[in-house]
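Heads up, the next two complexes both have chain A, just with different partners, chain B and then chain C.
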Partner chain A sequence: MSRRSERWSPLLAARRAAVDALIALKERLPEDAYRNPPTAVGYLLLVPALVLVGFLFVGMLLLAWYSVLTFDPIEILVYELTLENWRRLFATTGYHVIFLRTIVLTTVVTVLAVALALPYAYLTVRVRSAPLRKLLLVSLFVPFFTGVIVRAYGWLIVLGREGVVNAVLGVFGIGPVRFLASEGAVVLALLQIMLPFAIVMIAPAIQNVDRELELAASNLGADRLATFRRVVIPLAAPGIAGATIVVFTITAATFAIPDLIGGGRVDFVANLVYRTLFDSGNYPLAAATSVALVAVTSAVVVGIFRTIGSGTLGIRRGGGGG
Partner chain B sequence: MVAVADRRRRLRALLRRLPGEYPVLGAIVAAQVVFLLVPTLIVLVASFQGGSVIRFPPDELSVQWYAALPGEERFLAAFYRSVLVATFCTAVAIPVGIATGLGLIRYEIRFAGGIQLYLLLPFTVPLVVSGVVLLLIFRELGVLGQLWTVGLALAIINLPFMIWSVTSRVNALDPELEHAARNLGAEELQTFLHVTLPALMPGVITGGLIMFVLALNEFLVSLLITTPNIVTLPVLIYTSIRANVSPLVAAVASVYVLAAALAVLAADRLVGLEEFLRS
Partner chain C sequence: MSRRGSTRTPAIRLDGVTKRFGDVTAVDDVSLGIDREEFLTILGPSGAGKTSLLHMIAGFTEPTDGEIYIDGDPVTDVPPYEREIGMVFQSMALFPHMTVGENVAFPLEMRRYDPDRIDERVREMLELIQLPDIADRDVTELSGGQRQRVAIARALAFEPTLLLLDEPLSSLDKKLRGEMRRELLRIHRTAGVTTVHVTHNQEEALTMADRIAVIDGGEIAQHASAEELYDRPNSPFIADFIGDTTLLSGRVREHDGRECTVELAGGEPVRCLPAEAPPPDPGTPVQVGLRYERIVAGETVATDNAFDATVREVAFEGDTVTYEVDLDGGVELSVTELNTTGTRVFERGREVAVGWNAGDEFLYPATEG
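Take a look at the complex of A and B:
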């Protein structure tokens, strides 16, 4: 064993000593325990993640239980079972409107985000120029890493009464136009938040599309659009399915954009839950509303699973080849 | 201003270059680049506003709001808490992610499909519901209002990102390499430390970076489970925006844009941005 290329360093020596000590420790164990690691080790490795996610799992049960408890304005929670919260949820038109708006606007945002993500992801993967690819990646990740609140603030500055768009319109003698507190503004801002998610989900799928197949299609006389539609999109379907699911679930639960950009006029279910929780302290009704939101989004996700498959959300097994 | 001119120049270069390869696609994507960047970078421009009202074009340029930052103890404290929370979240997520990735892919696990579905729960449960759920649990446990609960909550809701990053690497790692190391006389532990772990590193770095940045930015769950004493920076920015759109908040928010740019730079240096687009 030659160590020609390595220089002696205290850090390296300490590390070797530590590893040696660990090995010595390990060798005291019965040989079987490490020679043929039992599957138990595999299950043991999963325990921390199972426990962490368990918070949500147990919490969902807790939520379902809260949803049938009684609300009292003074005592807040009374441990008496009731269906009053559910009755109220189903009987109030105002709640229906908010649920319907959430689903419709979320669908619009999801379709637009996935449609726009396809060309972006495709170009990012396929473009030959390295600086151009870098520009596309940076324009994707800087907003992605900037977070929803800062970008909501950015949209307030862009669309506000004295904002950028109105300043531009003012040059032409138009306006000021009120953009904020409209459904269009909420969709626009949400689209900017969700687009990076969709691109990140779709790009790997496009990376896996064999370039030769595209060349074959164009050799057979398909133009670019036809190649994109008939070859790239079907092969990238798993990524598209994954993107659709992720964008839909995140958008359906959105709070900040409807609150800040919608100004209380374009409330989503999340805004309703927040108000129920903190304005009236009605935990049982907030729980029932939350359970209803889970039911609605799950139904949509299952629908997507059925039509285009689980997509990239499944973790694939197998060695070699990424 | 230099940055804006630079961007414009690069955009023009981009448009000039595009027509050759993908003309229509290029035009659509160039519009998307503007759409993605403008609302993000506008905060930087607004933070140099001279007056106390954000207005376009700005009355005059000044750095007064940045000069005021060190005196803003509320914002500084919230920023410190956000960093603390993000660090805690990442420190929890990394070992859990590595263990889960190895467990799921290297061992014969029964009901692996079901377990994977279960581990996706943080993504399939709507974020606002996760927030309510964690609020109820922490309330029942009597730990609501302690800062570590926020870090734990963020580790839970973003865990799938970490697991994904690691599993894609475990998948890509050729088991033959580990066999080779063993055949050459390496101990199992040595094999793990010198072959397995280094091969997983890009996935761990990618996942860790994503966890940290997402935690630094997380808003909705934090809004639900923080009490006034432990608000994190995004929550404080939110309440400040609701109060008034002062350029001071723009200066605070700019810190986030810079942090995001730094994170992107770090990601590019450490693993290459392309790594984030791998399956």
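Take a look at the complex of A and C:
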């Protein structure tokens, strides 16, 4: 009946508003700014972004430089080159455990977030009833209005020893159960934070899947699950890859949730860096740990690109198949 | 096939099918039977409810009322993926992330054919559409005509009981359209599959269909063979929609039980020979439909009805010439003449004689409004 473009959709409306704003901005720019191929003015507009990324890059180089300097308990940093920090990082089992936990739990959070985001995003895009779609969208954006710390404290209230869940369990004579300071609690809290990100990344990708392709699949004998698996997911792959990368990188570097909910028992690498820096004041070791985390995360991102293909992010659209 | 195949059970039967979207009735009480191996065209202007009807047959939407039978079995509760109906979408709806071969294999994989059977069947289907070497191509690399054929191959791969074609030729250019029309008919005959074809293009309908169901405002206006539809349209709407027809209002002056005389709005008396005797009573307001090509124009004409007229507009179409003429009484007519050797093309402003024989007209009681 009504085509995708004709149907009212807040996602689409938001996207249109954003594109309109961009076009309005573009119209005000001197014409040289958006020539294809770009001219000098066009490249000039890259400068603010380059400066920002440049600071980050310089920071990374500084960290890498610190990581090979010598630690001294009194002077803190001695400008003598050494591989001692890296050796310690690689040799200490305690650190291995924290790195491994970070990667495993981050992977679990990522997989769950993407898996739960897919049906949510699909429903939000395709549902016929306007009130239901509004409800889904509001539930999606409300969590963004509260910060991570607020939500962490929320979980403390829900899962704590005197918390809501234990109060309910107490009625049935169970407990109190220790939920907090467990890997499950950390994963749950992280999942709640990451899920909206995943949905926001995946929904536009699903919106771009032509509805008629789904009808065709159904006509050709694919039930809903098969249609989702064979048609919707492959065609939404760019959004799924994007969501995977965003969720993985943010989660891998997370600090507050393991700190507040994990209670020191479920430390992530960021918590390790914090302790090394503020408890022992070991700048070089903290720097080495940070660089190692960035390296591991980057390796995973590269891995995702390799598996799904960087073309799927839509950057190389129209650059030929294969 | 089953023994039922030899009886007179239609392949598809629609029984009082109605579809309402809120206050809008898209399809209104449609009953229709489609015989085995028939090529039925559903023809109607845009917004007539054609697509809704097709979507109900395919199972994408449920009828608000009525029942659809496939091989005699009601299917309203059967989901689309269990209906064994192949459909070619207007947009073709080929899966862009799959090759041609994977597209054609898709319905077979869904039915868990074994891999060898799938390969074999894909090869057969690509041969049927006469594109045997394109299995490994990306669908995005295909031309419009090739995409069309692949969509047909995919829809027929699993030997459906019914093939649905939704405006299959509308996205092709004119030349390709003629070629694909023949191709569709060839495939239809080779595969022997019952086909329901939806279009708004009357020429496409006339040249392709065994039978045509004209749909208007959600209702079937006439369901007949192409010749019957053209030669005996049952309403002014059909006469106007199929072929080129001038509709004139008038009033019956007198009749002798067989032939009658109609007085047109301009006062001209016209002799009519209605197919259905007896003619309407004197005084009845009527509409007279005249096919452009049934009227002759010349220096003089020797027909039952003959009038003097002035050429107002000339459209030279190569094989034919169409004149718009004004009768002296003020009535406007259009006349199409074949452009054969010796035909004179009259220029604008010229006095000509136009006429037609009694019985060449369509006569309808005037409808209100």
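By definition in this document, the second predicted complex is superposed on the first by the 271 of 322 C-alpha atoms of A that agree within 3 Å, B and C clash if a C-alpha of one lies under 4 Å from a C-alpha of the other, contacts with A are read in each partner's own complex, and residues count from 1 in each chain.
FYI, a contact is a pair of C-beta atoms (placed from the backbone, for glycine too) under 8 Å apart; a residue touches a chain by one contact, two chains touch by 3 or more.
Small disclaimer: the values here were computed from a predicted structure and weren't measured.
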item: Superposition on chain A - do chain B and chain C clash or fit; value: fit
item: Touched partner set for A:Val138, first chain B, second chain C, both or neither; value: first
item: Chain B versus chain C as contact partner of A:Val171, first or second or both or neither; value: neither
item: Which of chain B and chain C A:Leu235 touches, first, second, both or neither; value: second
item: Partner chain(s) touched by A:Ala189 [first = chain B, second = chain C, both, neither]; value: first
item: First (chain B), second (chain C), both or neither touched by A:Val53; value: first
item: Chain B versus chain C as contact partner of A:Gly147, first or second or both or neither; value: first
item: Dominant contact partner of chain A by residue count, chain C or chain B; value: B
item: Partner chain in contact with A:Ala295 - chain B first, chain C second, else both or neither; value: neither
item: Touched partner set for A:Asp223, first chain B, second chain C, both or neither; value: second
item: Which of chain B and chain C A:Val19 touches, first, second, both or neither; value: first
item: Distance of closest approach, chain C and chain B, by C-alpha atoms in Å; value: 11
item: Contacts on chain A seen with chain B and repeated with chain C across the two complexes; value: 321
item: In the complex, chain B residues that touch chain A; value: 10, 14, 17, 21-22, 25-26, 28-29, 32-33, 35-43, 46, 53-57, 92, 95-97, 99-100, 102-109, 112, 115-116, 118-130, 132-137, 140, 152, 155-156, 159, 163-164, 167-169, 171-176, 187-190, 193, 213, 216-220, 223-224, 234, 237-238, 241-242, 245, 249-250, 253, 256-257, 259-261, 263-264, 267-268, 273-274, 276-279
item: Residues of chain A that touch chain B when the two form their complex; value: 19, 22-23, 26, 34, 37, 39, 41-46, 48-50, 52-53, 55-60, 62-63, 66, 116, 119-129, 132-158, 160, 162-164, 166-167, 189, 192, 195-196, 200, 203-205, 207-208, 224, 246, 249-250, 252-256, 260, 269-270, 273-274, 277, 283, 286-287, 290-291, 293-294, 297-298, 301, 312-322
item: Residue ranges of chain C touching chain A (in the complex, touch as defined); value: 21, 52, 58-61, 79-83, 85-87, 89, 91, 93, 95-97, 106-107, 110-111, 138, 140-141, 154-155, 158
item: Chain A to chain C touching residues, read off their complex; value: 1, 210, 212-213, 215-223, 226, 230-231, 234-235, 321
